[in-house]
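Pasting the structures here.
Shared between the two complexes below is subunit A, which pairs with subunit B and subunit C, respectively.
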Partner chain A sequence: MANELLFFMEVLVGGLLAGTMYSLVALGFVLIFKASATFNFSQGAMVFFSVLAFCGFMQDFNIPFVLAFILAAFLMVVVGLCTERLVLRPLMNASEDTVLMATIGLGYVLEGLAQAAWGVEVRRLDLGIGDFPVPWIADNLKLFISALDITAGLVAAIMIIGLFLLFKYTKIGLGLRAVADDAGAASSIGIPLKHIMLLVWSAAGVVALVAGCMWGARAGVQFALVDLALKALPVLIIGGFSSIPGAIIGGLIIGAVEKILEVYIGPFFGGAIEGWAPYVLAIFFLLYRPEGLFGEKIIRRV
Partner chain B sequence: MKPIFMTYTKKDLINLAVCMVLSVLIIPTFIKTEYWYTSILIPWLCLALATIGQQIVMGYTGQLALGAAGFMAAGAFAMFNLILRVPDLGFVGSLIVSGLIAAAFGILFGLPSLKVRGIYLMVATLASQFFIIWMIDKFGWFKNYDSSGIITAQDIVILGKPFTTPLAMYFVCLAVTTILTLLAMNMARGSTGRNWMAVRDMDIAAESMGVSLLRTKVQAFAISAFYCGVAGALFAFCYLKSLEPVAFDIKLSFKILFMCILGGLGTINGAFIGAAFILLFPVLLNAIGNNVFHGAIDATIISSIEQVIFGLLMIIFMIYEPLGMAKLWENLKQSMRSKLSSSGIKGVKSPVLKK
Partner chain C sequence: MSDNSVNILDIKNIEVMYDNVILALHDVSLKVPKGKVVALLGANGAGKSTTLKAVSTMLASERGKVTKGSIDYDGNSIEKQNPSQMVGLGMVQVLEGRRCFGHLTVEENIISGAYSRKLSKGDIDQELEKIYTYFLRLKERRKSQAAFTSGGEQQMIAVARAMMAKPKMLLLDEPTMGLAPQLVAEIFNIVKELNQKEGVSILLAEQNTNIALKNSDYGYIIETGKVMLEGTAQSLLNNDKVKELYLGISKKGRKNFRDVLKEESLNKKIN
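Let's look at the complex of A and B:
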């Protein structure tokens, strides 16, 4: 009995920590959605693009780790700048769906560019953190938890606290919230819309890079990362598109439920239900709480 | 213009006649190479049909759906099982029933559209994509317990006659596509289509004017999935000639989405234009790579470039012409017409003042 409980705990904790990885990707979506009410479908492609560039800098040009990270982050700022100039500004007054489709196009561009520049082979990314159980926890608590998972959890926690403080207590954060509420009104009282957009897209790019590093260290840097990033969508639905804590809670819920279902119910259906379970879970959430756990209530008028 | 036959104008009938002459008489007489049928015309017709399905739900009803390939897979595997297990049904009967099976999935996964829209709905429809592929993959019954993963599709036999040559298969696809396209046009022009468009333009307003949202949306999803299902069955039996769930992955769904958007949302001819473009452009790019650069450019680079160009086109169209290539074509015709009328007739001055 105790063993079963221990096993359940292990599955649960593993799922929760894996969920933080989804949260990291979802965070990028939330940042952009919060500031511009734009749904950035290319976030997954940004994850792939940034981490592939990071690997490319390190492995092809032998640039040291820290410098390569800074270069990749800088590259993401450039991507943000180009996106703002070339995609978002001309679409300033377009409908939500139009912008969404444009970001699907942007995702294609980024995926294609990344593969053209750095090749299509799977690259290994070594962060110096092993993807194996931490001995100390394994010995004392009898739980097998990967060091990489714990790092991802910590990184996610730090980023969330940072972003939360930024949004809540700084002038920039106030500007961001104002723009999200009503871009037209915000710009008419002198909030520099263009700078805000640039800032947000750059921040989302850096978040994508961090998420990409975590995913890349686990699964290898490859095209499948884009599909993995799609799983951030159900996370957002559960958490709400405009809530940073929501992204985290949503990620935890998806991670935990997915693992528990896979371990306890999966065997009856031949396994691999991880592929669709999060989406079906998201549908059930949509039916009861379309705005997500922490999202703002959607009011539509004729 | 005045309708001369049912609700069709003279222009419609001329268009139909031209298309029919072109596809039934001219193409078979002039194109003899098999490559054109097996690699271009057949997939073009199949994918155009699936794109019409996507158009119905996205272009006409305004619901952002991303699961066309899932419904195509449902149709394809339903077809395989129907021919295998219910041989009495015949090819045409199986095609219709497999379309209906896909439609049932469409209704099931279209239900969330009653509560949500936009990106939320996109996620809900992604569930259908992943679920259907997983279901086919995991339950051996659907694949007749074939362990190799790739099943050969049965030969097409209609009324005792085999349709196995590329030309014959082309005619099968052509017949099905023509009938379904005409039906789609009819629906889009009739009250069904009016309801779809009312829901697309403002669903709350449509509802308060007496359009049933439940009926309209579920109907659109069912019909869309029917088209995708039939297209998927044709795609597997005439083009791939094999059945494997991997062929219907999310990439195909995105491809169909691109065909729909680049072709022109809310138009039937846009589906054909978009499908032709997405299908032919990689062929063209490969030809350029092989003939101009003589294979100096790696094939993976070419496919990456292709992806970049599709993405860029998507962005450019969204910025400058959100209604896609069909609208460009319309504009071109318009400008040609006005040029002809202003220069062609002597003595009649154009009413537009010119300096």
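Let's look at the complex of A and C:
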């Protein structure tokens, strides 16, 4: 009995921590959705682009780890700058659908650029953190939990706190929240939309880099990272497209549920239900709580 | 150069098109003297909002464009400006329908108005206190989420937010829309006070002809994108046609202004 409980705990904790990796990807979507009410289809490509550049800096130019990371982060700010300048500004007064289509195109451009610059082969990314159980926890708590998962959890926690402080207590954060509520009114009182766009696209780029590092360390830096972004879709549906805590908790729920279902219900379906179980969950949310758990409800006075 | 011009705003014969096909303004000219309140009156769809948006340069975001004529603000053409530059120059529009940031608190809403100014935390607090002297009601509700405040309070938030940008000129688009009569009076008192104590020039679009004229120095009446009548507020209040058409003081049924003019010209021909 005790063993079974321990096993359940292990599945649960492992799932939750793996879920934070989804959360990291989802965070990037939320940032852009808040500012422009657009689902950024290029987020997956941004993950791939950023982490491939990071690997490239380290492996092809022998730049040290920290410097390479800073360079890659800087590169993502430049990508944000170019996106604002070349894509968003000309589409400033276009409909949201047009912007949505533009993000799909942007995704292809980023994928192409990344592979043209750094090649198409799968690269190994060694963060110095192994994807194996931490011996101390395994010995003392009898739980087998990967060090990489724990790191991802910590990183996600730090990022959410950082973003929360940025939005709540800085001037540009106030500007972003104002734009998220009513972009027209925000521009009527002199909040420059282009600064806000630049901020969120850069922030989303850096978040993509962090997510890419985590996933790259686990699965290798490869083109499949682009499709990983699709895993963020159920996370966003559950957590709510406009909520940062929602992205985190949505990720945790997806991570935990998919592991638990896989282990306990999977055998009845012949296994491998991890891949689609989150989407089934997402469908239930779409039916019964379409704004997600933490999505901003449309507030109406009665 | 700009200081000796008497008019802070000078609109000359503008024509505005939306989407390159829909002609919203045919020919609108109007002037706002420095430190005065000017009312822009007319029914729904007459072109009041379009005129204000042409001035604040917010037309572009609705695919509208000034295709003829000129707009000078403070002695300079606004042609090449964008909304945030206009705010920097001291021209702020309070949009129709209040448009508060619903998820922000009342105080955050007001502070957001100072975004374009480089103020320290202390300066902002000082400015806030000053603003609250005009909007006492908002001070009590400073921590509430704006979406949960009443319509009148939301209108006050919108005006207070605009005042935080320290405007020389305010464009108010139907500030009393959907408000109870006491609140209408309260809003107009505040507007009047801001005009007198802060010296803000005001261009006010309203459907509420009577109270708007009573609180203005000068008025323009527009219909289907054309200025039909203008004059001092007092002369418009006493004008028989205005009385009949906009103040509802008439024995005959409703008419529009053009019909009255047609009748007049017919009468002239007959005579």
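Basically, the second predicted complex is superposed on the first by the 297 of 302 C-alpha atoms of A that agree within 3 Å, B and C clash if a C-alpha of one lies under 4 Å from a C-alpha of the other, contacts with A are read in each partner's own complex, and residues count from 1 in each chain.
Following the convention adopted for this analysis, a residue touches a chain if its C-beta (ideal position, glycine included) is under 8 Å from a C-beta of that chain, and two chains touch if they have at least 3 such contacts.
Note that the coordinates shown come from a computational prediction; the quantities given were computed from them, not determined experimentally.
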| item | value |
| --- | --- |
| Clash-or-fit label for the pair subunit B, subunit C on subunit A | fit |
| Partner chain(s) touched by A:265 [first = subunit B, second = subunit C, both, neither] | neither |
| Partner chain(s) touched by A:188 [first = subunit B, second = subunit C, both, neither] | second |
| Subunit B versus subunit C as contact partner of A:105, first or second or both or neither | first |
| Contacts of A:70 with subunit B and subunit C, given as first, second, both or neither | neither |
| Subunit B versus subunit C as contact partner of A:93, first or second or both or neither | second |
| Winner by number of subunit A residues touched, once subunit B and subunit C are compared | B |
| Smallest separation of CA atoms, subunit C relative to subunit B, angstrom | 14 |
| Those residues of subunit A which subunit B touches in one complex and subunit C touches in the other | 300-301 |
| For the subunit B and subunit A complex, residues of the former touching the latter | 62, 64, 112, 115-116, 118-120, 122-124, 126-127, 130-131, 134, 137-139, 202, 204-205, 208, 250, 254, 257, 261, 300-301, 303-315, 318-319, 322 |
| Complex contacts: residues of subunit A adjacent to subunit C | 92-93, 171, 174-175, 177-178, 180-182, 184-192, 296, 299-301 |
| Of subunit C, residues touching subunit A in the complex | 56, 58, 60-63, 83-84, 86-88, 92-95, 99-104, 108, 111-113, 115-116, 145, 147-148, 150-151, 158, 161-162, 164-165 |
| Contact footprint of subunit B on subunit A as seen in their complex | 39, 41, 86-87, 90-91, 94, 96-102, 104-113, 115-116, 119-120, 227, 230, 233-234, 237, 241, 269-273, 275-276, 279-280, 282-283, 286-287, 290, 300-302 |
